[in-house]
């Protein structure tokens, strides 16, 4: 077979395998969706074209497509009580597809998600309007292209874990996101870590790992012993 | 003046400015140590040579130098109750300086730290002996050079947030850590984020941001409302 | 003329020139196929589009096209006794085109080929199900994109020669396979060597060189003297 | 001869050739200093070691060495009326050598220079204390290493021309200043241009070109016609 | 909302936000144009396709499209008295789109703009015909691809600030403008600073920052006190 | 105007400007062809699409298009006596477009051109068949992609000047010709110099500069004095 | 502990862990040597300085140091019957340290090793003198720096598996071995695979994996069933 | 043996092997010098330290060391009639070591050599003083670091073959000569080819190949037939 479903994934990681659709044939994608559906958990597909969605929709008529984020979500009645507060911020308007992928991922994995888009460092006052939102969050995802400076500024203001996502927004010496990636890795603020260029999914999943751990400790009281 | 101490740092981030000693003159370093000492908090200096340490020790006779990690710690009677469980793992023996920098950072910021060194993927059984330790942790820091594969394997086994630290260990096409950095950014496991090459400090600080948030939520019960 | 057929190739290397179709015009490809056909050996074309195949099929109606691998095979009744055991493994489903190119190459050059696809390191248990297959092999080809960690893990478990093939699967900081390539070159396991990104053909041909040498030594008993 | 003094330089550019000492022998440097001295203008040498300075000092006992900036200045009674206001800012303390090179250059070319060092984006309030200084300036030079985010923030606040200087401060993925360079080139703020990594001299000279043009227009009233 | 208009931009920078159209949907672009129109200032959109223009034109029938520069300008009766003299030079004919973007930007922001195109260093006499134009300018923008040598030659001849713009013109080892970018950053002439590859907009805006400062000083006589 | 014809080019370099068509509009190209035609010399256009050719043909019905090389040649009755012997060699069949561009350039500039294609190092005997041709040449152009090893081998065998042209043939770690370029620059044979990736034109023009100098010296006997 | 000895290594891979000395302290190295000595197998240390050797020699007086290869070998009476024929070739004299590391590794692991050094492609006749040696080999290791062309030529002549080792020999655009590495990965000959830059050890170990498999098949006759 | 002298080199290339001393031990170098001495031709060693020279001098007391170029020349009474005119130009004073290596190489191989140093493009008038020298030359070697613009300007003025040599002079974004290398490869002038960074030897040898061919044709009159 061309694919081996990792059925233990939910046990180990709390969420089933997420389907990375780019580079797979439609037949492969539909087959994997159908196999994962047997687990009766919510299913997430990323980097899906409209064409892929239409084929998946035949199998799951209730599947939802987010055109900007290019995600497919199949809800199977699970996870109604949300556990963590995840704030997704973006520097510009052109970063929205990646920011939305992060937001969809964090949400389908069981988090409250709020958004503050287009608040980049060239107009700092826009950011200062968002201090309330920042205080609300348990984890902050910061999405930025070009020079990727926003996470440093957020990391200087906030005490939450900051997950920085460089985007391939830009041209010339942005080298398809390399500029933002290097900027974020070299941030002079602390409490920041970085995922791959355009990896909204990875940021959402990392945020979820943190909020799940928060919830686990809070519930089991294991933390205080 | 050549330096402006960020005295609000403790308020915003829960820990004072950490002194990055590399590239500063001894006079500059000692002056900053003396200024930070006025806050009566623990002080951390990183990337400090033995020569730097000897000058700082004149000011603070109780300062402690970790030769492998190249850190200076000045304890001023603070932070006796530890709050989070941070596990630091390394793939090889040559990664120890970076792993130790991460461990010292997490510890001085108020965490329980345990270590599992030299457990790289070329001998997987060494890793399987550490499952108990993995279960203990709230956050796992994974330090690796060369191909940087260990975080992917840990990320596949564990449900904690994994902070991956590439090291400049290696030669040739490791390109001073680029190989490990790219490997970690492209990890096919989820729940992983990455800091700069050799940035043990950044990993320790990120881990601390997470455990502080866990503690905050558990105490305030804010999470359940 | 635009091409000089290397008619000594079979003498020197045990297999005729393989036609690299990418970047050649259809006229050039068909002419080379027709010339190679005169040797009465099996012919292999790689990186062939469907359009190229249809033109070659007019010349050799029995030609076979593998759409995933993009290979054309013209069998001319040769090489029925297979000599070596080649196992082709892949980390993910998106690595299949490259894995299939390797498999077709090894097979047409006279080897038994088995496959274990989608067994990447993020779910190690999938790999442990394949130990029987691993023991069967004389040579193992491991195909992986993204962080390219699978060859290190296989190299740690197996004592066969491992030929690692990085793929351009991935995005962002995978830099079209650079990430996997560097990972494999820096593998901390031993007994691994690497071919070009997406070079399934090269891996299959290298594997064949090894199995041919095994056969030669076993037959001639030259090895024991 | 090994060197051809560009004696027209003062006519064309308003300042004689500046001596780049790195990579020249002491004999070559002293010879060039002696030749330039014949023009009776101030002389500037950059990237000079202490050893170079001691040899130049024998020729010009009044020569002044700035150890941090590694510059030699020989004043020959010229240029007492300063014409422009140049503000030099740095993100961190380790950027000082480059910032000082810029300051010395702008000053010796005939400008008022003020400095605001260690005001990086991880503690924005330090920057807001400098708004008065910013208003004073005709041109702002912003020196920063690591992620190089400070010019974007200054460029968002100020309406003066901003000259951004990346420094090689940092380690790992800063790639000796590449990270800061790319960040500055991709700045989302406008009114920013960039010079080479560690090129304090180039920034000072560019600033001087601007203030000289301001003075020229103001004097000749040419601007209003 | 997907965008936060920076309504203070005109106050801080003297010109409203410029709309970077690349990577935005048509709906987003039209919405931002309509919002910016409320300020009653001229509006500039860059990197706009013909399709984008046609949608904007429905909102502002007087909008003007420069097909080479790919800019949209909406004039709202503002800024008739031009203030600075900006000369835009290009090395070759293929650099025209970037040179035109710079010219349109400088012009809409309130400058006199003249042009000297196709005067690259392979035929220096073409350049010497332009000395009169050079003397006229307050700021010179030099646009060049391939080896990017023109700014060094201009910087050697002229005493104005030179803003160098590398273009992605070329092939092979030009690496999409990297060659020209590095050449300009390493210029051995002084008084040169550089913007991003193909960033005509950034060069025009930087030139405007300089001419605005010239005008400000000349008017307020602040410079002479 | 968008273009300034360098009418002195023929005087200085012995051949008029060559029109680099890529990145120019058809109107621009036709205008330049018409201007150059006034000099009554042969005209060469490179990197021309079929569409460009059809427009030029309307102006010059006798224009000749080489589809592989993508060149347009307009002959105006000049240069019948050929002066130098230029041999163009290629490693593979896929290098033909670049090899042909070199051949057309050298020929239109007045040289005898012979060709030896597809004689790469993987089958050395093919090369040894060409020793006669090698002896005939005054200059050898060697075109190769992938590892670019052919110039080293030719440079070891021949005493003529070798001009090496890397091509973007290949995939993966060939990085669009970077691999061949670096190989050629690092050749351990002597008497080799290199032009840009895919720059057949540059190689032909360099070869012509050499044969023109040979002819000049031979005619003027200047060499023997 | 700082190190975890992989005592199963001999079982899995047929040879104990090899000690990579670079980046380890002398104390760490000596401790690992003493632990590995308990297995009563031959021990190999690579990248060892003379200082490291002198400390190891105190523990094992019979330890042998190869100064060129920088290897330490401790023989403990094992493995007298050699099994495979490994030929090590080098392009130049400066490649000897890496070639010797490969030779020592292959030998200590139980192979017959012969050598053909300084036979690079700039003087092909030197290579043709070695055809007898080539026929003798079961596996060929080819070590080359600069353009790295030798493996392609060997791969075209020989039917054995070729393991190519790029070296950091060279300067300028060799980029510390990158040039040779890319050349080898893009070889147009088949039956070649590549290890890391300067990785003589890896090549020797890969060769040994192949000869061990040859021996295994020849002995068990498993191959013919 | 560690080295195989290529005794046919003089026959094939007109000059014996040149000894590249960097990376060889003193014993190896002296042995090669002694072997080459048996041919009774002039011997050239490059990249030789003073220490190497002193050892060679013991063998050949008349050996001459050029400290700037780091070359050793042993003259054995050969080659008194010089054949070609080679002009070596440099952009700056720091390029002298490379320029001198080129000059020594061209001279010892039998050419008249003249020099024009420190004539870079930032002061074009210095170059115009050299037009007489330029007319004298048969071949021009142009050595430049930083932006590497000088070859383009020379290539625009002169009709001789231009051999461009990038140097590692500079800092920051010169990336050890990469900037100059890319600039030269992308030159918009024609009749230019490029050798490796800092490869003065290669440029001298290439120039010699051209002048030898000129002489050969002029003598044999072969050219006119």
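For clarity, chains are labelled A, B, C, D, E, F, G and H in written order, and residue numbers in each chain start from 1.
To be clear about the criterion, contacts are C-beta pairs under 8 Å (C-beta built on N, C-alpha and C of every residue); 3 or more make two chains touch, one makes a residue touch a chain.
Keep in mind that this is a model prediction, so the values were computed, not measured.
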Subunit G reached from subunit D - shortest hop count over touching chains: 2
Angle (degrees, nearest 5) of the CA superposition of subunit B onto subunit G: 90
Distance between chain centroids, defined by C-alpha means - subunit D, subunit H (Å): 37
Euclidean distance of C-alpha centroids - subunit C vs subunit G, Å: 25
Inter-centroid spacing, subunit D versus subunit C (mean Cα positions, whole Å): 57
Subunit F and subunit G, separation of their C-alpha mean positions in angstrom: 43
Residues within subunit F bordering two or more other chains: 92, 122-123, 156-157, 172-174, 178, 181, 185-186, 190, 196-197
Set of all touching chain pairs, with the criterion as stated earlier: A-B, A-C, A-D, A-E, B-C, B-D, B-G, C-F, C-G, D-E, D-H, E-F, E-H, F-G, F-H, G-H
Footprint of subunit B on subunit D - complex, ascending: 93-94, 96, 117-119, 122-123, 125-126, 169, 171-174
Subunit G-facing residues of subunit H, complex: 1-4, 6, 8-9, 20, 22-24, 28, 32, 166, 168, 176-178, 181, 196-199
Subunit G residues within the subunit F interface of the complex: 91-92, 120-124, 146-149, 152-153, 155-157, 170, 172-175, 178-180, 182-190
In the complex, subunit B residues that touch subunit A: 12-14, 18, 83-84, 138-139, 156-163, 181, 185-186, 190-197, 201-203, 205-206, 208-210, 212-215, 217-218, 221, 223-224
